[in-house]
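What follows is chain A paired twice: with chain B in the first complex and chain C in the second.
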Partner chain A sequence: MNLDILLVGVLAIFGIGLYGLLITRNLIKVVVALQILVKAALLALVAAGEASNQLNLSQSIAMTVIVADTVVAVIGLALAVQVKRVLGTFDTTLLSKLRG
Partner chain B sequence: MLDALLIAGTVVCAIRAIRARHLLSAALWLAGVSALTALMLYKLGAEQVAVVELSVGAGLVTVLFVFAISIAGDDGLAEREFIPNWFTVGLVGLFLLILGIMLLPLDEMDGAGSKTAMAEMLWENRTLDVLLQTVLIFSGVLCLLGLLTDSHAPAKHNIPHEANELEIEPMDERPEEMMA
Partner chain C sequence: MTDILIILAIGLPWLGALAVWLVGNKRPEQQHLLAVIFAVAAGLAALLLIPSYSDAAELKIEVGSVFGDFTFVPDGLGVFLAAVATVVGSLAVIFSVDYMHGDAELGRYYALVLLFIGSMVGLVLTGSMLLLFIFWEMTALCSYALISFYNDDPKAVEGGIKALVITSLGGVGMMIGALIIYAYVGSYEISDFLADPEALPSGVLGVVAFGFLAAAAAKSAQVPFHTWLPGAMEAPSPISALIHAATMVNAGVYLLVRFYPAFEDVEGWTTAVILVGLLSGLLSALMALVAQDLKRALAYSTVSQLGYMVYAVGTGAIFASQFHLLSHAVFKALLFLSAGAVIHSVGTRDMRQMGGLGKQMPFMRNVFIVGALALAGLPILNGFWSKELVLEGGLEEGPVWAYAGMLIGAGITALYSFRMVWLVFFGEPRGTTHAHDAGQYMKLATGILAVGTFTTWLLAGVFGELLEDSLPYHHLEVETGTKIIEDVITAPATLVALGVVALGLLGWWFRKPLSGIAEALSPVGDAAANDFGFEAVNRQIVHWTKEAATALRATQTGYLNWNVVGIIGGLIAVLVILVLGA
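Here is the complex of A and B:
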């Protein structure tokens, strides 16, 4: 696989995730955007391992990234469900009600 | 050609996941991103990670998304701009430009090259990582159980109302023989 083309794609995916994180105010969409960001980081990590001829090292680190990413998604979704139960919406702007 | 198709498909799925009106559609497009990412990882030679990504990223996380959306419902929140759209696009573009200048072209790095097998790498060289992952998984499960508990549910050990109506004499006023 051509790593330069892959890296351009990784940059595009990362940009889409970052854009989604900046524009959205829906809590579930925030988790979706975070997931997309992490997918780009994962691909870049494995591509770097391939380029430096240390694929097994990069795979073991990528495994840690996947686990951490899944736990972040689980906690984010559970928080979103609780926010929906309490406030009745996923709107992050209403979370300012949590002040004192 | 196949590589370019895979990358283009992933980018399209990511755009659709961000721009989808319904949360369920966004979750399904995200599953597409995960599946195509797993394919690219496989083509890069990272077979183990590709399998884990396919089963966890495209499987478990999608199920969790659908579960959360089915519990909480899809309120179809319309997108509203926190900051102007042109500013967001410009900011992301500038960031990607700087990142691209730093990264591209990706020359062959001067890595020593390791022949250590992945299982050995994971279980012997990176034992602390494995321990951390285990702790992370357990803490994630505990957080999930704590957060998904319905906080408005009545407590199981409430004192029944009838008990308030019982006439219980204070301890000081009871006869001494009863106390004995």
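Here is the complex of A and C:
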């Protein structure tokens, strides 16, 4: 496969994730944007494995990261739900104004 | 056999720390007993280690990878300092049985003391720079926790944090030095570096040498880093005796001695060492002369005596430096412990509220006088022999101005020693408090140290032989014990020094007729009472740090989107650097 196309894809997904983080104020959307960012990183990892002939290693690491990342997403979403319940908002800007 | 003794000397105190902690604060009698047993056992292990000294690594823990092997080398320098740390340490623990009686948190106290003793033994015995750094920081941490032991007292907490910050800053200097050495030599072994210091380019070696000097000065409370030691006097008195007189502050001098062969040819290094020693010796002697707080006066005198050791290293008198370290550890522990007994009894540290205590505490008066005479450098006592050796070495090898300064320092030392004895034990009672006599364990610990003050100089020959045999890179030529004693007695320098000490004594005796001179010198006294401005510099640095932190808070908005902008900006900056660099 052509490595350049892969890298362009990586950059595009990465850009989408960053853009999401940049503009969103919604905690749920922050978690989604982070997930997109990590997926870009995973794609880059597998591409690097392909380029250096260590596909097995890169794929197994990618699997590990997927598992760890799922845990992060679950905890992040659970926290977001708790924040909504206790403080009544998903808005990060409003939330940071709450600091003492 | 030797490896087992090394493990015992380090491990027994640590095991004891665990045991005391596990027993719990509800059974104080058992805690006292366990602490004393483990401390004394460690002392015995360290003493047994002395005959089996060698210059090879007797204990090797293979770690592999970049860490190399963790080695322990029981050479003359290491075994003697290990013995000093554990023996003085166990006496301080015995003293604590009376001093800390009834304290609610004995577990924390004894666990930290024992952890400290083990770390100090590890520090002097290890042959790996990596472990040296780890033990170095462990002693700093224990010191911090013990200074702040009474953690409901803001002054104690402040003193602890000050000690931690200053000694850690020094530790950074040492870590940088160790990493640079590793980069060039490819091993953390101290002996590998000492065998071939030429592996480092001379400029780099200079950086390492001065980095280590800064580390040693911070640890040994030398000018300009000495300000933490007086603050450390908030600790319980046995801690002051153990850590801030007899062991931890010696680690700095130990570091200088250990690496002396590699650094002696670095341009300006020995002069810098002499200068640090001279300034510490003189300035802090003046500060001790005007201090009103008994423990503060002793703390300044520790800085001053450590100055003598550092000065001796600068003049190349390695043996004299280590011999004075041994003497000082014994008599200063004695002074601190007997001062602790007095403070425990009258409930104040202010010498203006003491006076006339000699009749009520005759035993403590006698041992304190023994310690003070050794500090002043009067003949027969151990402080006399070692200080004469330091001064003699300084006269032969060092510059004359430094020798003259140290000689004046010796006179001031005598003056403030007699002042302390007089203010505390003689004259009219100025305080209203009634003093009760010291406890049995206090008398036992100080009694042993007083005997040591009379006798440790007899070890000069054995000690010298040990150092000569097991330090191949130092090229020491130490004479036999009787020759050393004969030299000291016959040298004209001894008479000069004794004359200066006698002048100091007479100065105190005739202080009334001489009050005119004291008046004239009062600006110097005022400056000394204000720590010659070093304390103000410290406060200014703290102030600036706080200001900078407040100013930098503006960059922390707490808004997620701005943080992402910062991350993207950083990413772009890195990419630009990579593109331009490639």
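Criterion: the second predicted complex is superposed on the first by the 97 of 100 C-alpha atoms of A that agree within 3 Å, B and C clash if a C-alpha of one lies under 4 Å from a C-alpha of the other, contacts with A are read in each partner's own complex, and residues count from 1 in each chain.
As a convention for this text, a residue touches a chain if its C-beta (ideal position, glycine included) is under 8 Å from a C-beta of that chain, and two chains touch if they have at least 3 such contacts.
Predicted model, so just to flag it, every value in this text is computed and none were measured.
Once chain A of one complex is fitted onto chain A of the other, the partner contacts of A:30 are limited to chain C, with no touch recorded for chain B.
Of the two partner chains placed by superposition, only chain B is touched by A:54; chain C is not.
Looking at the shared chain after the overlay, A:22 reaches both chain B and chain C.
Of the two partner chains placed by superposition, only chain C is touched by A:96; chain B is not.
Looking at the superposition, the partner that touches the larger set of chain A residues, chain B or chain C, turns out to be B. In the overlay built on the shared chain, the residue A:87 is in contact with neither chain B nor chain C. Where the contact sets of chain A with chain B and with chain C meet, they give residues 18, 22-25. By the touch rule above, chain B contacts chain A in their complex via residues 3-4, 7-8, 10-11, 14-15, 17-18, 23, 26-27, 30, 33-34, 37, 40-41, 43-46, 48-49, 52-53, 56-57, 60-61, 64-65, 67-69, 71-73, 75, 77, 79-83, 85, 88-89, 91-93, 95-96, 99-100, 103-114, 116-118, 121-122, 125-126, 129, 132-133, 136-137, 139-141, 143-144, 147-148, 150-152. The touching residues of chain C, when paired with chain A in their complex, are 557-561, 564-565, 568.
By the touch rule above, chain A contacts chain C in their complex via residues 18, 21-25, 30, 92-93, 96, 99.
Of all the residues in chain A, the ones that touch chain B in their complex are 1-9, 11-20, 22-26, 28-29, 31-33, 35-36, 39, 42-43, 46-64, 66-71, 73-75, 77-82, 84-86, 89-91.
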